[in-house]
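Next up: some structures, all given as structure tokens.
In what comes next, chain A is part of two complexes: it sits with chain B in the first one and with chain C in the second one.
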Partner chain A sequence: MELNNSKAKRITWWQKNQVKISPWIFLAPGLIFFSIYVIAPIFVSIGISFYQWDGLSPSIYVGLQNYIELLDDEYFYISLWNNLKWLIFFMLAVPIGLGLAIFLNQIVFGIRLIKSLFFFPFVISQVVIGLIFTWFYQPNYGVIAPFLNLIGLEGFSILANENTATYGIIFAGLYPQIAYCLILYLTGLNNINPEQIEAGRMDGAKGFHLFWNIVLPQLRHATFLAIVVTVIGALRSFDMVAIMTQGGPYGYSNVLAYYMFEQALSEYGYRMGYGSAIATVLFTIMMFYILFFIYRMYRNEREDNN
Partner chain B sequence: MFPTPIHQRPIVNQYIYKIFLPISLIIWLIPIFGILMTSIRGLGDITAGNMWGTPSEFLLFSNLYDVFTNTPMIKYTLNSFKVTIPTMLGAVALSCMTGFALANYKFKTNLIIFFIFIAGNFVPFQILMIPVRDLTFKIGLYNTITGLVLFHVAFQTGFCTLFMRNFIKALPQELIEAARMDGASEFRIFWKIILPLTRPAIAALCVLIFTFIWNDYFWATVLIQGDHAMPITAGLKSLNGQWITAYHLLSTGSIVAAIPPVIMFFLMQKHFIAGLTLGATKG
Partner chain C sequence: MKKVIISLIMMFGLISSTSFAGTLVINTDTSDAAPKEAFEYIIKKFEEENPDVTVKWNVFDHEGYKQSIRNFLNTDPPDVANWYAGNRMLPFVRAGLFEDVSDIWKDSGWVDGNLSENMEHAKKSMTIGGKQWGIPYTYYQWGVYYRKDLFTANGISVPKTWDDFVAACATLKAAGITPITIGSKYLWTTAGVFDYLNLRTNGYEFHMDLTLGKVPYTDPKVQAVFDKWDELVKPGYFLENHAALSWQEALTPMVNGEAAMYVMGNFAVAPLKEAGLRDSNLGFFQFPEITPGIPMAEEAPTDTVHIPSKAKNKTDAKRFLIFMSRADVQEEINKILGQLPINKNSSVKKGDPFLKAGLNMLNNAYAMAQFYDRDAPAQMASEGMKGFQEYMSNPDRRQKILERLEKVRQKVYK
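Here is the complex of A and B:
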């Protein structure tokens, strides 16, 4: 009898509290995993940036030494400057993607297949895209060699020239990124409220005026997403650089993401502390965008709840 | 509809559009045509600089044979599947639960936890690299597929949670309330009501994660050394070093690496796009 009694009690306790406890049971596996592999490492990395460490021998606390060295490091500035170039020129993917989306938003024979083929580059690995473009740029065997000859730049190697290497990589990076923005904008155009467009047309709005005042505001969501993913993509640019130039010539096409990797994990030595300092700088830059994104989501949440 | 449907335009414009459409597609796909054509060629064409003319020999199958027998390409491809599929299943399973918890329950730290998942999803990989590599070493999983999968699952849970939570939040709440009134346990609600309804979201996440992980290069280089566990992206890069100017083999290898995500994309395009736009598509 007593046993039954206590069992009954336990069930009622569980029934009373399960709505409070359940979320934590559902959250636990994901949250624990995410904390160990993503959240904690951020803080550990920031911590390591105050040490001198080769990954094996005991680490030595050096305070701000790594950051002070960064301020004097010519290659750090080159990488930072290249990151800025990435941010600016990578943004071209947004208007080009929008333009293409407007061009393709028609109903004609075969348009579905044509759209799919336009999305195509986004699905392919950046390693493959990087390899293709590296080969395109080859001064002797490459695809653009005939064009270079035409304008008198025979044997000119885009990726071996310190002034052009970064632009060459960004151009290759734009290829999948434009496809990404195109996908976002085509979906956006699809979701536009047709009545507003018709009302605008009734009022005599046409062409650019219609686009700017009526269409573009409705594409807000797509534009926001396109900008966010493009900024993140620009700051994360690692694959393309690793494949196409490995930061060369002489570090002139380096970006922070690749420079960090080079310092911490390559033949140039295992400078974990210094690498972490570079990563921390990159993280700080990225944090502005992340906070902006979260702020927007927070605003939407509050609107939803009211 | 914007822009004005082409069939409402003058006939001349319609013709211009129909001519420009395929031309623009061809220009857009030049890089793809480039590798397709080159994968057919032999070394003779490459050294002669014949990149765009008709191939002098049709050697696609011989190139494929070369790539698969003289390099660890089969191994790389298998490794990629071994990394990609468990990651896909793991991340989707974890995020169904986290997404459900964050969408369905009100508690103080709900939004904070949600935002932590979002923020973590956007951080640069470099800030995680050293500690994750270190941790993988310490638990004896460096240079193993399991080590790579564990990290991928954890990281992808961020994005998947964002997606799942928003999806479940948009489901009709009355269903859940009604089930609770009937005395269904929370687990039953999750299993019997929520999971069946999230099928489209699960499909979208599966395609997306498949593509992301298949194409990952950074973590494959950081956590793997040596052919036994190397996925195809890193494998292709290392072969690139050996092939130097053997562009016909490089192209063939690239095509092999690109085929699985491309097939996935064409089969599940609707889900893929729904995932990318964070569920902004209707229907």
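Here is the complex of A and C:
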């Protein structure tokens, strides 16, 4: 009797809390690894930014010294400015992707093949794209050279010129990013409600008017996602820079992510503290953006629920 | 089941404890063909002479090694690792990761007699704080590689003085040939030019003072170096668009006969010959004299082997270092490498005019510099080379660049 009683008690405790506890049990593996590999390193990295450390010898606490040095660092401003250029011009991927998606969203013979060809840049590794575009830009034998010759820029090297190098890399970066946006929009177009378009047509909407007022609002989620991945892609642009110019000529195509790598981890980089300070700045910029993103998502969901 | 697990754990335990007595673990970055072959030879010969030692050799990718060495010296140290002389080894020496091997350098009855005597000229670049931290086994000369046929066609003889050199450039340029090719995408090639201009304008002592941070970059003597550099940059004697090209890509104009000279290390000879140049049309000359009377010092980067201080088998590691310093061993490996041995008693591969010229030049050299990025500390080197590249593209920014480098110098050498 007593045994039965205690068993009943135990079961009731589990039953009482089961609903509360089980999500945490399911979340636990993810949460544990997320905190070890994502959350903890953020704080460790911010911590390192207050030290002078070569990664080998004991570290020395220097307070805000690394940040003060950043304010006086020409290359830091160049990188920051380039990050801004990336943010602005990388956004072109969204409208171009949308345009291509609408163009490809028709039913003709072989459209599946054509669509998959348009996806292709997204499948190729960034490193390969970077390499290929570097060859395109080669001043003497690259594919672009004859066109540059036509407009009187003989032997002009896009990647060796401090004014054009960043744009050259962004252009190469757009190639896969457009394909990515294209995929997002194509799936979005699949979910469009044909009845609404029909209704719009009946009311006399055509062409751009129809697109702007009826199609685009329905693509809102796809647009939002496309902007988000493009902004993140622009801020973490690292591989293209590393492959195409290594931040050159003389640091003029650097971005924060690559500058951090150069200072902390590259061949001549033994400045973990300084690199961490750059990383912290980049993190702060991203944080602003991510907070805005979370806020928008929260607001949207509330609207949808109402 | 339990038994299986335990025996599995024991097996892994055995496998992971790589260095028990008699095993020598060697990590090298010799992923290129010739260096790899050289180390294959070294290890085979060492094992033949020391049958009680088994060598376990890990070859790393040449570029990746620069990063991985920082990890493995701390976490999984081998018994021997290769690296470079000069300030390049300073971070590891300062962090206590390399073993002091001064006893090998002192005359203590080792196989080949007195190391300090046979390698006297290289001792300085292996010394930090009065102690030696490794053994050098190969080096190579820097200088000017040129197209003999282009020189002949334009009536130019090998320039011995700066004025001759500049005049040769002018003649070539007028003939529609790029006088000097260079590819500065990876920056370091510009440092070769800077080093030689400084060594010839101000001499070895000043160059060392500068790379050791004792002289400001705004010093009039540094300005004088850039005055000389101006004489080459401003009339456009260097290859256009050099910032977009790697050093290998910059070889192409020279192979095609569109460029005549390259300030380079001897490793450029192999790819140039592979691309079709021969001893008959490819030549080498010493970088010409600038300030008369200044003793000629040369650029001769040295490759070295070290014992990590956390190595498990230091006894055999020392045997290996002594073996690597021997005249006969250095002779053989440098024949494979196509480079120059450090040990004075080694002879050089016959029939290679470039090695012969190099050996001759280095034996008569007043002193040897390691190269800007090995003589100067990492941060200074990286900023300096960026500055040189910017200067070569925009010579009018000289003042701004030098002021920036001076700011870096004050931070780096506190």
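Note that in this section the second predicted complex is superposed on the first by the 273 of 306 C-alpha atoms of A that agree within 3 Å, B and C clash if a C-alpha of one lies under 4 Å from a C-alpha of the other, contacts with A are read in each partner's own complex, and residues count from 1 in each chain.
Assume contacts are C-beta pairs under 8 Å (C-beta built on N, C-alpha and C of every residue); 3 or more make two chains touch, one makes a residue touch a chain.
If you're wondering where the values come from, they're calculated on a predicted model, not measured in any experiment.
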Using the touch criterion from the header, give the chain among chain B and chain C with more contacted residues in chain A.
B
For A:148 in the superposed arrangement: first (chain B), second (chain C), both or neither?
neither
Examine A:246 and indicate which partner it touches, taking first as chain B and second as chain C; both and neither are also allowed.
second
Of the two partner chains, chain B (first) and chain C (second), which one does A:265 touch, if any: first, second, both, or neither?
both
Based on the superposed arrangement, let me know which partner A:184 touches: chain B (first), chain C (second), both, or neither?
first
Scan A:137 for contacts with chain B and chain C and give back first, second, both or neither.
second
With the two structures laid over each other on chain A, which partner does A:54 touch: chain B (first), chain C (second), both, or neither?
second
Which of the two partners, first being chain B and second being chain C, lies in contact with A:159: first, second, both, or neither?
second
Name the contact category of A:62: first (chain B only), second (chain C only), both, or neither.
neither
Both chain B and chain C contact which residues of chain A?
55, 265
Mind listing the chain A positions that touch chain C in their complex?
54-57, 69, 72, 74, 137-139, 155-157, 159-160, 162, 245-246, 248-251, 262, 265-271
Listed in rising order, chain C residues that touch chain A in their complex are 66-67, 70, 73-74, 91-92, 94-97, 185-187, 240-245, 373, 378-379, 381-382, 386-387, 389-390, 393, 404, 407, 411
Residue ranges of chain B in contact with chain A within the complex
1-3, 5-7, 17-18, 21-22, 24-25, 28-32, 34-35, 46, 49, 51-52, 94-95, 97-98, 100-102, 104-105, 107, 110-111, 113, 115-120, 122-135, 150-151, 153-155, 157-158, 161, 185-187, 190, 211, 214-215, 217-218, 221-222, 233-234, 236-237, 240, 245, 247, 250, 254, 257-258, 261-262, 264-266, 269, 273, 276-278, 280-282
For a test of understanding, state which residues of chain A touch chain B in their complex under the given definition.
18-20, 22-24, 26-27, 29-31, 33-34, 36-42, 44-46, 48, 55, 102-103, 105-108, 114, 116-121, 123-129, 131-133, 135-136, 140-143, 145, 175, 180, 183-184, 187-192, 194, 197, 210-211, 215, 221-222, 225, 232, 235-236, 238-239, 242-243, 256-257, 260-261, 264-265, 272, 275-276, 278-280, 282-283, 286, 289-290, 293-294, 297-298, 301
